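Both complexes below contain chain A, partnered by chain B and then by chain C.
Up next is the complex of A and B:
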């Protein structure tokens, strides 16, 4: 387990190194002055620029410059947004929780819906349910997400009027900003309308979550189906059959657990894909998250914001990746320790 | 006992022929492949078969619904948009933009990726391990975010988004080529030709590539469905094709404001994207199925 942790830590370190190098080199690649891109001070006087140049060791070689950039990052200083003139770190802190909320709920929904359906398809392999599920899955991951979002708004918000179409919560509710995660903040607050606010926030969450979760859910469906089919072919399932267990006993006690582990291993890889979908969905549903902010930053040529957003969003994905790796290791002893006698 | 072989000669179909033989078995795949070919024909012939120019305005026929509705006009089969442009012509021209360009994008990144990947497979040690980690990092950044960063460097516009998508797709081809080449290099037939005195490049060209090409094609179909969705998404976000261009994503973005009064301006481009992605995915699915069947035999 120690070696496993050390390896993950090593990977994380290396990734962060590459990411910061990438983001640092972006300040040279973006149009305009490199120092201005890095700090976001577009209206700085020559004196202020001189101070900044000194601070970022602009006269020294690239490597020194890079290290001073990294030390700024460690102090939470990502420069100032060119559009709003607020510190990028503050802007991100205000918006990242909304994205975390949307993506993590969507990931859970996708897993809890997709994986059981995939198992179901595998159990009825090459029968009608399997074919129907495969067909639906094919459509599910082929649908362009922006189109799906617009259709969902048209049908469920405008024509049927069941669910709100934009934002995170109705403006009537005033919720104190504690963790930034809306649902948790509401539960922590002592407002008399706590439950109404909670229900309202949940209603706002439903449509975007379904839109984000659809494509990953269909991918999990396929992963789960393949994993289950593989497991059903193994010898220990045959042994269980020979022991005289019924089919459903085998499925519940042996096949499901082992297939589930195989799916969990691939969940991390799908998360980057899910975040991509979430970025577009945030634009459509006016979700106050980091994806919408990043896309707006392009329209406004806010290069400092793009650099900061790239680092933070990628780090978030990596952390989720690593968490899923640990969950996988916790569930599967074979991943933790080298196999004995192998 | 049934005789499988009537003739004496032994025939060894090339890996590509074997793939085709297994590929055309399931009927769904053939339908998908037919749709795929149909889209390619549309993309090539788009300017010949469209009734109108995609940017021609018919000011007397604004927001005409499709011909099957009561207010429709049969000379505008799928209706017109808010500037009186014929939807059918725009959709067909869009085929050559969204679908046709996605093929070019995938080809370009396939070639670059295969070159880098085979070079990477031939190197060992620190360089190779660095490249591996680097690819892992790039692959785990969301593709749209990477495309956005590249668009921010190059500036918006259709051509720049294409470059961005090419760069986004390269790592997966590098990854798959590298793994496939490494796997083939451990096999005996490569050793045999090495003992014959072939150098690495000759082995790559004559022994390895014919055996991994189907893996590459199967990855290319996956990449193409992603490319179609990415081109359309960037067009929709206003970072790709400029508004008058009949790119499907940009058309969709143009139709949003009119969704209520003219829903077909949103339905049709979306359906076109869905159709082309499903056709591509069916081809890819058939390809992977054929590969699996071949492996089992």
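Up next is the complex of A and C:
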């Protein structure tokens, strides 16, 4: 287990190294002055620029420049947004929690809906439920997310009026900013309207979560179906049958866990996909998250924000990836130990 | 009374084009307390036959039999569920590759405990947990595993193949079966471990009067441990009889070839001489010969062999051949 952890940290270190190199080189590749791109101070006087150049060791070689950039990053200094003139770090800290909330809820929903349905399809392999589920999964996977988002707003918010169409919470409620995660903040607050606020926030969450979760859920369905079919073919299922266990006992005790392990490995990969979908969805639902902010920054040619957002978003995806790896290791005894001879 | 009596059992593989008869009218009878070997090359349908008896074949395979008696009870008249209840109560099976037959993510203890029959437990549900645990320990002791504490906490990949097979046998014993079907239990095992497993099976047979159907491709090895042997070739019944009969005076050309092809320690073979073998190899399922499937390879084959032979009985030794080697021994 120690070696497993060490390996993950190793991977994390090198991925971060490459990411920071990429982000650093972006400041050269973007049009304009490199130092301005890096710091985002477009209206700086020549004196201020000279101070900044000294700070970022602009006269030294590329490697020294890179290390001073990394040390700035470690101190939480990502420069200033060219558009809003606020520190990029503050902007990100204000917006990242909303994205974490949206994506993690969507991931959980996609997993808890998609995987059981996939198992169900595998159990009824080549029968009517299987065919229906596969068909629905195909449709769900091919629907474009922006169209689905707009359609969901049209139907459920405008025509039926069941759910709000935009934002994270109604403006009536005033929630203190503690962790940034809205639902947790609401539960922490001592407002008398706590539960109303909670319900309102949940209502705001439903539509975007469904839109984000749909495509990954269909992927999980198909992954889970294949994994379950593979597991049902294995010798240990046959042996369990010969042991005299009933079909559902076999499914619950042996097949589900093994199939789930196979699926969970791919969940981490799908998460990057999910974040991309979430970025588009945030724009449609005016969700105050980092994705919408990043897309706006791209429109506004806010190079500093793009660099910072890129690093933070990729780090977030990568951390989730590693967490899922640990879940995988916790479930699978084979992954925990170093392989002997192989 | 025969323990198991199977007449003309056929297994068909349902394919997209036409069904393939993988096992063609095979007979198998076993007495109580008998150790019977089921011998044949790989692909001769012996594992299929065993899996058909236990009922773990999936929907692709269609099983049909003229008679399937279990301790005098006609199982063909019962529904699939009723049959499964009877069979899973009295028949247990162990497989080749024991490591692959244990769930890799569940500890040995849990897998053993779930095999323990609920009817053997007494008392209330909170006592049953402890009893199950105790039953698992006893089972491990029965198969000669002394470090039960370590064993129940291990995962299958942490044990050796031979230990896994012992655990599989322990699981099979959990329901106190009358018949144990061992499907090449020692394939891919070292010979010391093979000996251990066979000795364990033999002692179970002697102490608990448990009948064993030992499936193997190795005639030589099986003869040490069995009372009687059934030989199969390419899904067809070849010959059955006591081990001495089969080994000393085989009537079927195929059995003869099997016996001759295994070199014995006391056999005088000139240097660099060829071992006796049949020409050709076992036919693939898509191109099975009609009639006696040994026909194309058989040294005694004649025109008659395109029709499947009837089974002849010589002093309890059953042979399925038009031209048995009977006159050779008189």
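Definition applied: the second predicted complex is superposed on the first by the 337 of 342 C-alpha atoms of A that agree within 3 Å, B and C clash if a C-alpha of one lies under 4 Å from a C-alpha of the other, contacts with A are read in each partner's own complex, and residues count from 1 in each chain.
Everything that follows uses one rule, which is that a residue touches a chain if its C-beta (ideal position, glycine included) is under 8 Å from a C-beta of that chain, and two chains touch if they have at least 3 such contacts.
Quantities reported herein were computed from a predicted structural model and do not represent experimental measurements.
Undergrad: Quick one: on chain A, after the overlay, do chain B and chain C clash, or do they fit? Just give me the call.
TA: fit
Undergrad: So in the superposed three-chain picture, is A:280 touching just chain B, just chain C, both, or none of them (first/second/both/neither)?
TA: Touch status of A:280: first partner only.
Undergrad: Check whether A:143 is in contact with chain B, with chain C, with both or with neither, and answer first, second, both or neither.
TA: In the superposition, A:143 contacts chain B only.
Undergrad: First (chain B), second (chain C), both or neither: which does A:154 touch?
TA: So A:154 only meets chain B here.
Undergrad: Pick one for A:127: touches chain B only (first), chain C only (second), both, or neither.
TA: So A:127 meets neither chain B nor chain C here.
Undergrad: One more residue to check, A:331. First (chain B), second (chain C), both or neither?
TA: second
Undergrad: Figure out whether A:238 sits in contact with chain B (first) or chain C (second), or with both, or with neither.
TA: second
Undergrad: Tell me which of chain B and chain C touches more residues of chain A.
TA: Between chain B and chain C, B touches the greater number of residues in chain A.
Undergrad: Contact-wise, after the overlay, does A:249 reach chain B, chain C, both or neither (first, second, both, neither)?
TA: second
Undergrad: Does the superposition put A:257 against chain B (first), chain C (second), both, or neither?
TA: After superposing on A, A:257 lies in contact with chain C but is clear of chain B.
Undergrad: How far apart, in Å, are the nearest Cα atoms of chain B and chain C after the overlay?
TA: So the smallest C-alpha gap separating chain B from chain C comes to 7 Å.
Undergrad: Please report the chain A residues shared by its interface with chain B and its interface with chain C.
TA: On chain A, the chain B and chain C contacts do not overlap at all.
Undergrad: Would you pull the chain A residues touching chain C in the complex into a rising list?
TA: By the definition above, chain A touches chain C via 234-236, 238-245, 249, 253-254, 257-258, 261, 331-334.
Undergrad: Under the definition above, what is the set of chain B residues touching chain A in their complex?
TA: 133-134, 136-137, 139-145, 148-149, 151-153, 155-156, 225, 229, 232-233, 236-239, 249, 252, 256, 259-260, 263, 266, 269-270, 273-274, 277-278, 281-282, 285
Undergrad: Show me the residue ranges of chain C that touch chain A in the complex, using the header's touch definition.
TA: Against chain A, the touching part of chain C is residues 51, 54, 56, 88-89, 92-93, 95, 97, 100-106, 114-115, 155, 157, 168, 171-172, 174-175.
Undergrad: Taking the touch rule as given, give the residues of chain A at its contact with chain B in the complex, in rising order.
TA: My answer: residues 11, 14-15, 18-19, 22, 26, 29-31, 138-139, 141-147, 150-151, 154, 158, 269, 272-273, 275-276, 279-280, 283, 294-295, 298-299, 301, 303, 306, 309-310, 313-314, 317-318, 321.
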